[in-house]
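Both complexes below contain chain A, partnered by chain B and then by chain C.
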Partner chain A sequence: MLRITNLHARVAGKEILKGLSLELKAGEIHAIMGPNGAGKSTLGNVLAGREGYEVTDGEVIFNGKNLLELEPEERACEGVFLAFQYPVEIPGVNNTYFLRAALNAQRKYRGEEILDSVGFLRLVREKLKILNIGDELLHRAVNEGFSGGEKKRNEIFQMAVLEPSLAILDETDSGLDIDALKTVAEGVNRLRSKDRGMIVVTHYQRLLDHIVPDRVHVLADGQLVATGGADLALKLEEQGYAWLEDGGIQTLNTDPVKQTANP
Partner chain B sequence: MSRLATQLAADLPGESGSGLQWIRALRDTGARHFRKHGLPTRKDEAWKYTALGVLEQGGLRLATKTEPPSTPSSHSPPLAQAGFNLTMLDGQLLQQSGTPRAGLTVLSLADALSKDINGLQVLLESLPQGNSGDGFSALNTATLDSGVLVHVAAGTDGGRLMINWSTQAREKSLLFNTRVCVILEPDARLELLEQFESPQGNSNTCNIVLQADLGENADLQHIRFQQESEGAGLITRTEVSQQTDSEYAYFGFDLGGGLVRHDLHATLLGSGAKSDLSGAYLLDGKRHVDNHARVDHQAAGGFSEQFFRGVASGSAKAIFNTAVCVHPGADETEARQSNANILLSAKAEINTKPELEIYADEVIASHGATVGQLDEQAVFYLRSRGLNEQEARQLLTTAFCRSVSDRLRDPQLGEVISQRMMDVMPQAE
Partner chain C sequence: MTGNTSTIDTLVEQKYEHGFVTDIESDTLPPGLSEDVIRGISARKKEPEWLLDWRLKAYAHWLEMEQPDWAHLNIDAIDFQDISYFSAPKSDKDRPQSLDEVDPKLLETYDKLGVPLHERARLAGVAVDAVFDSVSVGTTFKSELKKAGVIFCSFSEAVQDHPELVKKYLGSVVPQRDNFFAALNCAVFTDGSFVFIPRGVRCPMELSTYFRINAAETGQFERTLIVAEPGSHVSYLEGCTAPMRDENQLHAAVVELVALEDANIKYSTVQNWYPGDEKGVGGIYNFVTKRGDCRGARSRISWTQVETGSAITWKYPSCVLRGDDSVGEFYSVALTNNYQQADTGTKMVHIGRNTRSKIISKGISAGRGQNAYRGLVRMTPPAENARNYTQCDSMLIGKSCGAHTFPYIEVRNPSAKVEHEATTSRIGEDQLFYCLQRGISEEDAVSMIVDGFCKQVFKELPMEFAVEAKALLEVSLEGAVG
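Up next is the complex of A and B:
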């Protein structure tokens, strides 16, 4: 579904990603962990097409298409969804109105029928039920005045309605207390499907107690330096990221990722 | 005096017209003022950014009393249902429809003047026209005849009164002068909804003065929506005087017009009065919209808010001047001013200036004026969900203006107006 090869990207002239490679199959959840400044959020923003992130080398193939050539909205319409680390507050735009406009823009792109308000509400109710959340967020302006937990829940709700084939969750756990974290994680688990791939970007292991990944990658200084199963996250939790500086990857007993382009 | 002012002065009738002595004297005062000062020029501080050359080039002439046609040429559908509707064509009351609620009286101004309605003389004579920038008001007084009187009896609710304004296109451009007088007795309520829409190809100018007198604890909601054609001029002045505990809420929407100028002025004479002024202006092409809002706090414990949002594109020009004066003795006043603008093209121009003068104690006042661009984070957020760039920007500019229509007490009307704003939302260039 997604193949990232030797990805190099710069932000404000500074190289952040330095040859990242990753392959994700439909139905899989991969976690990307790493210390601050490793390039975790940059990866999500590059994949979603945010301005200011300059790709200098490498390619990203998503369902057979060159993702990096597409506009942000085309990527969304092709099925890419980025759950923001900091969802943007948009006063004056009703959450339901926005989501219906987004869904219909995507349906139009794919040549599907536009949903009228009745059809849309039916879909929304169904998704609320799956996620086991109330409808109180629907009538408010997009993220305006939302608590940290509400903002993240709203991201997951949008994901449920838009049904992307690739979801990138960018530090979805940041700023959440344990209850909010559980709610969000449960939502993500309910949206797991054999047709959907997910990349969960996180600094802490605790999110992965609730969303158990198929693979865990360690991102450091713009490259994936280790890959393993779900247990790798636990080891990281025990040992922290300090071992990275000591070059102690092997002591973790994992299969190191082969780097295609070391500077 | 400008060529235009000279022409209009020459068009003024030589005599003070018919009617009671005080009315003729009032017209005389206006005519004398106009013959002396003419129209405002850019040398008048309040008219610094608005030149009247475009009216002069159009060969504008003063409309003399003509018989209006029996039916209006074409009318836009009303924004909302109202209990009572007035159709104003070429500045004259053409039609009334609906049943006025008990306590609501509507008369043509000519009728009201001949009946010498209680309070009308005081109201008409109270219009300040001291300085040289008041030329349009002076002209309006000099020709005082056409217009409407709205009266709401003490303790009654007049409901919604709709005034539908338009002019009909002719070979020459005419200037229509109209006076609207609104008197709310103590504890009276009214919602006044004004809609200005003239057919395309129109190059007339309306000069309308609206005077409202709010008695103790009276409540006036004033909604003004204008989507005039690009060649049309609209010069309006709204003067509101407020007694103790009265409330005035103004909601203005400028979506059209060629040359538009609105002077909005509330005077809080009684303690505890509240003045809530808000508006949105959305301009593109070569439109020119100049809003001057001013609140004078003359009594203690008053509250005023000015909340205006503007979007300009093309080579449009918007002027927004908001002023608050807290006079001596108007202690414990709270006054807020907020004006934010979005500039969508390099050629468009927005001039905004907040003014605040305080001569009293224990006053809470705040003001802010900004001109900026759309939040690019928000644009990306919307695009990342599938909206294209144009849709994203349109949604955000509409939302920016919605913060005004959302303030309307009737959410349904707010929805209609926000849809109309969306339909004409200027695009970035």
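Up next is the complex of A and C:
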């Protein structure tokens, strides 16, 4: 569903992604881990089409379309969803109203019927039930005065309603205590589906205790330097990212899954 | 809408001729301002002598005054001799007595403005005193209001039918010499609305007036007077649009509100005069003096305004809190786009004890728009325990616009409390991207964010107006981003 080939991107004139390639199939969850400054958040922003992220080379094919040619809102309508690391507050705009506007914009784009408020509310109730969360977020302004946990939960809730085919979760675990982390992870797990691909970007392994990925990639200095199964994350947790730079990469790349390299 | 253009053109092109004053046949006075012109207006309206004298006195004052230049505005010189001070829609010689007699072309114009008088007004329970250019052409629901003892009519009618009330209150809130444009209005005002709510009456419906400037080269000078007797309540709505035009048009209205003991006046405005084109050509000069006098104890006056139009807005709806425990409120959204300029705010003058005032001002600047909040909170010596709360927020869209805040606070009573909060924010790229990422188009995103920003003010508007105001902001912001 998503094929990224040799992606190069710059932010403020500085090259951040330096030839990243990745293939994600529908139904898979890939984790992208890496040290700070490796380009993890840049990847999400580039895929979502944020202004200021300049692609200088490479290609991104999403469901057969050249993603990089589309406007940010078109990408969203095509089914790309970015769960933000720091969801922004929009004072005075009701959360439910916002989400309905988003859903209907997407439905319109896809030539589907606009949902009226009754139909929308029914959908919302259903999704709240699936995620096992209360409706207290519905009546407030978008993220306004939300706690860190509430903001992240709201992102997952939006994802549930918008039903994207590709979800990118940008450091969804950051700033969450363990209970909030569990709630959010549970939500994500409930939204796993054979039609949906997910990219989980995280610095720490702990999120992956709760969301078990199919593949783990290590991003360092703008490239994927290692790829493995879920246990790669454990190894990173154990040994830290410094280990990568000390030659661990080569070892891993020869046998990404089982090699027990000990530098 | 264009049916009478040629007639007006002809009239405008006419050379000034002495004796035109007696020429009752002509519908538009040639451009120019003089005592004769004022006598002409007064004669056309068959006004009593005292009112003509009052006008002439104001004119004498005006001649001695100078146009103020303290506002944060660039105003091209106005040639007051180049303005025609009276025009009436071309129709029969006699004014229409009911809507059925109104020129269908006129009704069509109202339809285009979204003011289908008889239908929507009835459905919405709104009485409409529609002003087209300078003469009122239709008033609905008069009889229902009459039952309640409410007087709601054009200013001209009030002069004929209720001279004692007009005489008593006219100029009692905004004196003739108050300012340059108020003085001008006193001299040449043509029409407007008059509202009188008798003691203890709660007005059974929202009163609404739609204004519109149409005839070419005609300044419009409305005069509105609302008197709420002890214990009465009234909500008054004023809204307007103006068609596309090139020349600057002067609009200098005066609104006076009088609230006696325990009376409550809510005055809401949606102002959408033609703002000029995107290069700053044309547009209305909107220089308005609005003031409410909380004359009685426990009275309350609340101004709500949504200002999206006009090339230049110069407007400070104010409250004089004379009565003990009286309350003044000001809720404002002012939006400037392209080359629009606004210098607007309020004055809260606390005189009575325990008087309270609240100011919520939201300024939005886009394009090359300049938006200034100018507010005065004055606590005079007798204003024991008076309180004011001011919140003044500005939002900038784009990089070439400006927001300015000029709060004046004068406290002459140590027991007074004044709070002032102000914020300025740029419409966040983060907010915008967040919306885009959810599939919402840029234009929708901007109007959504702006709407949220204005919520505190919109919720003060009557339901119908709130919807209209939101739509107006959307239209006014078209092309503001990107």
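The rule is short, and it goes like this: the second predicted complex is superposed on the first by the 249 of 263 C-alpha atoms of A that agree within 3 Å, B and C clash if a C-alpha of one lies under 4 Å from a C-alpha of the other, contacts with A are read in each partner's own complex, and residues count from 1 in each chain.
Convention: a residue touches a chain if its C-beta (ideal position, glycine included) is under 8 Å from a C-beta of that chain, and two chains touch if they have at least 3 such contacts.
Computed from a predicted model, the values in this text were never measured in an experiment.
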Message = So in the superposed three-chain picture, is A:Ile178 touching just chain B, just chain C, both, or none of them (first/second/both/neither)?
response = neither
Ask   = Now for A:Ile114: first (chain B), second (chain C), both, or neither, which partner does it touch?
value = neither
Query = Which partner does A:Ile130 reach: the first (chain B), the second (chain C), both, or neither?
reply = neither
Message = Applying the document's definition of touch, where does A:Pro91 land relative to chain B and chain C: first, second, both, or neither?
response = both
Message = I'd like to know which partner A:Glu73 touches here: chain B for first, chain C for second, both or neither.
response = both
Remark   = So the chain A residues that chain B and chain C both touch are 48-51, 71-73, 75-77, 81-82, 84, 87-88, 90-93, 98-99, 101-103, 105-106, 109, 141, 158, 162
Query = Given the complex with chain A, which residues does chain C contribute to the contact?
reply = 428-431, 433-442, 444, 448-449, 451-456
Ask   = Contact residues on chain A for chain C in the complex?
value = 48-51, 71-73, 75-77, 81-82, 84, 87-88, 90-93, 98-99, 101-103, 105-106, 109, 141-142, 158, 162
Message = Touching residues of chain B toward chain A in the complex: what are they?
response = 375-378, 380-389, 391-392, 395-396, 398-403, 406
Query = Contact residues on chain A for chain B in the complex?
reply = 48-51, 71-73, 75-77, 81-82, 84, 87-88, 90-93, 98-99, 101-103, 105-106, 109, 141, 158, 162
